[in-house]
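Note that the chains take the letters A, B, C and D in the order they are written out, and that residue 1 is the start of every chain.
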Amino acid sequence: MSRVKMDVQLGPLHLQNPVLVASGTFGYGSEYADLVDLNRLGGIMVKGTTLRPRAGNPMPRMVETASGCLNAIGLQNVGVEAFIREKLPFLRQYRCAVIVNIAADVREEFEELAERLDGVEGVHALELNISCPNQARGGIEFGVDPEATYDVVSRVRRRTRLPLIVKLSPNVTDIRVTARAAVDGGADILSLVNTFVGTAIDARTRQFKLANITGGLSGPAIKPLALYMVWKVAQAVSVPIIGMGGIMNATDAVEFMLAGASAVAVGTANYINPRVSIEVLEGIEQYLIEQGETDVKAIVGTVKRCKPESEF
Amino acid sequence: MSRVKMDVQLGPLHLQNPVLVASGTFGYGSEYADLVDLNRLGGIMVKGTTLRPRAGNPMPRMVETASGCLNAIGLQNVGVEAFIREKLPFLRQYRCAVIVNIAADVREEFEELAERLDGVEGVHALELNISCPNQARGGIEFGVDPEATYDVVSRVRRRTRLPLIVKLSPNVTDIRVTARAAVDGGADILSLVNTFVGTAIDARTRQFKLANITGGLSGPAIKPLALYMVWKVAQAVSVPIIGMGGIMNATDAVEFMLAGASAVAVGTANYINPRVSIEVLEGIEQYLIEQGETDVKAIVGTVKRCKPESEF
Amino acid sequence: MRCAEYCEVVANQPVATDQFEIEIHCPTVARYAQPGQFVQMRVQSGYEPLFSRPFSVFHRKPDRDTFSVVYLVRGTFTQLLAHKQAGDRVFVVGPLGNRFVVAEPQHEKVHVLVAGGVGAPPLYLLAEEMVHHGIAHSNVVVINGARRQDLLVCQGHFAGLGVRLFTATEDGSAGIKGKVTDVLESLREQGDLAPERCQIYACGPTAMLEAVAAFAQQHHVPCQVSLETLMPCGLGVCLGCAVKIRTGDGYDYKRACVDGPIFDAAEVLWR
Amino acid sequence: MRCAEYCEVVANQPVATDQFEIEIHCPTVARYAQPGQFVQMRVQSGYEPLFSRPFSVFHRKPDRDTFSVVYLVRGTFTQLLAHKQAGDRVFVVGPLGNRFVVAEPQHEKVHVLVAGGVGAPPLYLLAEEMVHHGIAHSNVVVINGARRQDLLVCQGHFAGLGVRLFTATEDGSAGIKGKVTDVLESLREQGDLAPERCQIYACGPTAMLEAVAAFAQQHHVPCQVSLETLMPCGLGVCLGCAVKIRTGDGYDYKRACVDGPIFDAAEVLWR
């Protein structure tokens, strides 16, 4: 048994500990079940799920960059019905929270998805992924426009009693604006960040490296930017935040909590070390003990300005 | 003599080759003169210069991150008069272009700076740094607001006959919007990107690592994002672009040119290898020879979509 | 059974130009790896490169609790790997992926193993298994190809098994001068590749696989190929290793890491 | 004269717990480095860590065209450095920064060199120069301090010069039990630190420098300190190494890399 209290209450959502795995980086849990004790996780955010199955983008879909990676998977997924039928029963065996990340091109599809998942046994919360391109708006993300954000969040809000997490796009001038729009629309929790839009070019062939041209940047490269955004949003809204973006170890996770996140999600790091989420969990406990804390909640948002010139 | 034509014409500004050094990363040239043959550079963008000298921010001002660094120098500089008096005479000895990066908190200061530098011998162009916090707007950058961008650019335009470069902030939802505003305001050339806002936290001390809390992220970490923005802007405007953001070697520089930059600026890499700008120049020449090109201009903006599935 | 753990390097020796064999202590992989399966390896402590890298299992030595991999030094990761010494640690996840399926009835088939460059190691594991299962040596045909003699791997190992070994190099520095498909063609002309009696198993560069697949299709010989893609996770979750696999008159993206890396050549949409 | 070039490692040997001396072939630094100057070094080929690291020049061997540096293994860079072997290459920029200025008239002063941990190496170079310039051994006082005996560096070197050597360790495992300031205090009590005849030169952890500076100020002894900051460029352009230096009743940010690293202790605003 751990000597520190690790459970957290995110608005209506209770988690046994604050360590989640980020959508798209842990599949449907079953892929990792023999390597990771899923019962120990705070929660699993499953792969982005759409109304109908999707084939995804052509290859190449991923490319490594300096301390990061670009991905343009294109939401390849089995669709919500197959998810409920084939993936959820497995997850129901475990006591970690199951959070379904839902994605769509048009607002009505978000509503349908929310309605379909409402009351389904074993689904503990919805995560609204408004950071994917929106066909109805010419490929621009919902998540960069506060009005579209407000509208889609409030539509979904009306269709579900599940705890509603809204996942914010970092590709904006001022993330506090979309954060507030999401909260006004009825978000119980905000999660951030999704990936940053970027590209990579092969100088030799003079071609883009991704078939889709652009992709989303994740990994350690984005941590300073994600940390800043979490800190900004934490000061602008009163709902709890799930922080993510480049978390590779417990220290990174603690930084997000100090910046104001009540829970964290580990993403790209799962590819590199399947057990990293458990290591992050254990590392946070260790950190709290070292810091003389008895409850993980005590550190949330406690970062202070450094004493100037303290370095030298 | 190099076997390829390397000179480029950026609107009204002629450069003997497309390799510049970015503002704030090469001082006033003199600091590097014994290690780098300044005559070989396309141009030097000098440290951000303000109307009056500035002391800069308290320490710590810089921190390393994964494949990047955050800086919050706070525009420490000698001021425009001391620049003209003490720094410019040295630079006049060399044949590379001297580009003065100007920064200010209020619009009128930008105008004064432009007027003061207009016609000063040895100044070849101005680079308007609208990506620094603007006191008159509560610490928000001019460069994130298209109207403020248009206004400040057109004010400066009226005060100078020098080639006018506007340096865009990447901290925006759609960089094409501010790019167009700058062009409409009278920019001859756009340079991008400046740094991305981020922060870093020390988990042990629970303090921000920078005295200023936030800083600007530069270095290889941001290259995928900068490359994307250059490509986007190149398609949206017809003025030439100076591309930068994480260029560490000739291959990176070529990628920016393929994406649509007519010239490139090497920034953070100068700290690591003082000679890197010359290595980039030589590497671009080598690349052009390998690719069978005889003129560097021929590769600008020529990146193509890759053949899908070509990886496998 | 799979593991994800730090393992000790037992040996790391050059075997051909720019190619090394690394032996790693890892009871799980040593015991459970099947021919065609791979491991994800990580030696970097930081983020250069970010991802682990996939390598096919070459040798299993369950008695020593070790397995080995033959790798070609290509870029950042393999350069780091080449610097590892006995006693150093490597993070290993595996065994992963599916395996080559030995065509039934296995004792009546001619099994043709077509290797290109560092594609040879998993086919050695397969050939070894076949011999171990008592398949006649004369029914195990190995075609080992490379650009030059010094890039050929596993030659000694194949020879040691006593199977029928053909060698092809593009410059003629070993075996016949030509490609593995030239050997296939001459075997066919000799009547050695009767479709109903024969199964091809191929591993090597994509261009070679495509040529072998085209040959197999033309001559109606069943063929399994091991596909190489970027493999960020190796566990089936990132979908960065998608390959187009025929389904009816359309196609599906399958994951090379868990649905593969071995696929029926006839079902692969090459472009 | 400065250089920025790849240089060959000649030797890299442990000298104390977690401390190594690395000897590097570099004619420019070997010839021109002055006591207190430093070099920027880079061994990483990628971006982990991103920046070069500053190290004070310890030994110059112009006859062998080499210089050496003593370093403590602290983090990513110094771990990489500790793995370098003779024949490997290091990127060196230097010599950089200003130097300790020997107080005039040099033959009449008592020069007190105060070293903490890996602050000792540049002071050894200074002491060596003093002896070389014919300053009386009895007028060169070295106070070498560390937390424990096994963290003391350059002891043998200082002893070899024949200067007056005092040692202080916090746990008493060598020399007196206490801090370098305790030695300063007892020297002062013995009348050895008459302000008008004495000059202190200090290099070590910032907390030590601050204590030495306070001592010097209190007793009106002139004192030079070598400051340590992050040094992204080392060339005076990034302004990431700023230190607050008194000017009249205000202060200016000076660059530790080119205006320093040596400053008059009385002018440093410590916080």
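By definition in this document, a contact is a pair of C-beta atoms (placed from the backbone, for glycine too) under 8 Å apart; a residue touches a chain by one contact, two chains touch by 3 or more.
What you see is a predicted model, and the numbers here were worked out from it, not measured in a lab.
Chemist: Need the graph distance between chain C and chain D over the touch network, please.
Modeler: 1
Chemist: Look at all chain centres (mean of CA atoms) and spot the one farthest from the centre of chain B.
Modeler: C
Chemist: What is the distance, in whole Å, between the centres of chain A and chain D, each centre taken as the mean of its C-alpha atoms?
Modeler: 48
Chemist: So how far apart, in whole Å, are chain B and chain D when each is placed at the average of its C-alpha atoms?
Modeler: 37
Chemist: Express in whole angstrom the distance between the two chain centres, defined as the mean CA positions of chain A and chain B.
Modeler: From the centre of chain A to the centre of chain B is 33 Å.
Chemist: Provide the list of chain B residues touching at least two other chains, using ranges where the numbers run on.
Modeler: Chain B, residues with two or more chain partners: 59-60, 65-68, 219-220, 307, 309-312.
Chemist: Can you pull out the residues of chain C that are in contact with at least two other chains?
Modeler: 46-48, 229-230, 243
Chemist: Flag every residue of chain B that touches chain D in the complex, lowest number first.
Modeler: 24-27, 31-32, 34-35, 47, 55-56, 59-69, 71, 73, 76, 219-220, 248, 268, 270-275
Chemist: Which chain D residues qualify as touching chain C in the complex?
Modeler: For this pair, the touching residues of chain D are 46-48, 76.
Chemist: Sort out for me which residues of chain C touch chain A in the complex.
Modeler: By the definition above, chain C touches chain A via 1-4, 42, 47-52, 91, 93, 229-230, 232-240, 242-243, 252-253, 258.
Chemist: Okay, in this complex, where on chain A does chain B touch?
Modeler: Residues in contact with chain B: 58-60, 65-68, 70, 144, 171-174, 196-203, 205-211, 213-215, 217, 219-225, 227-228, 231, 246, 251, 254-255, 258-259, 287, 291, 299, 302-312.
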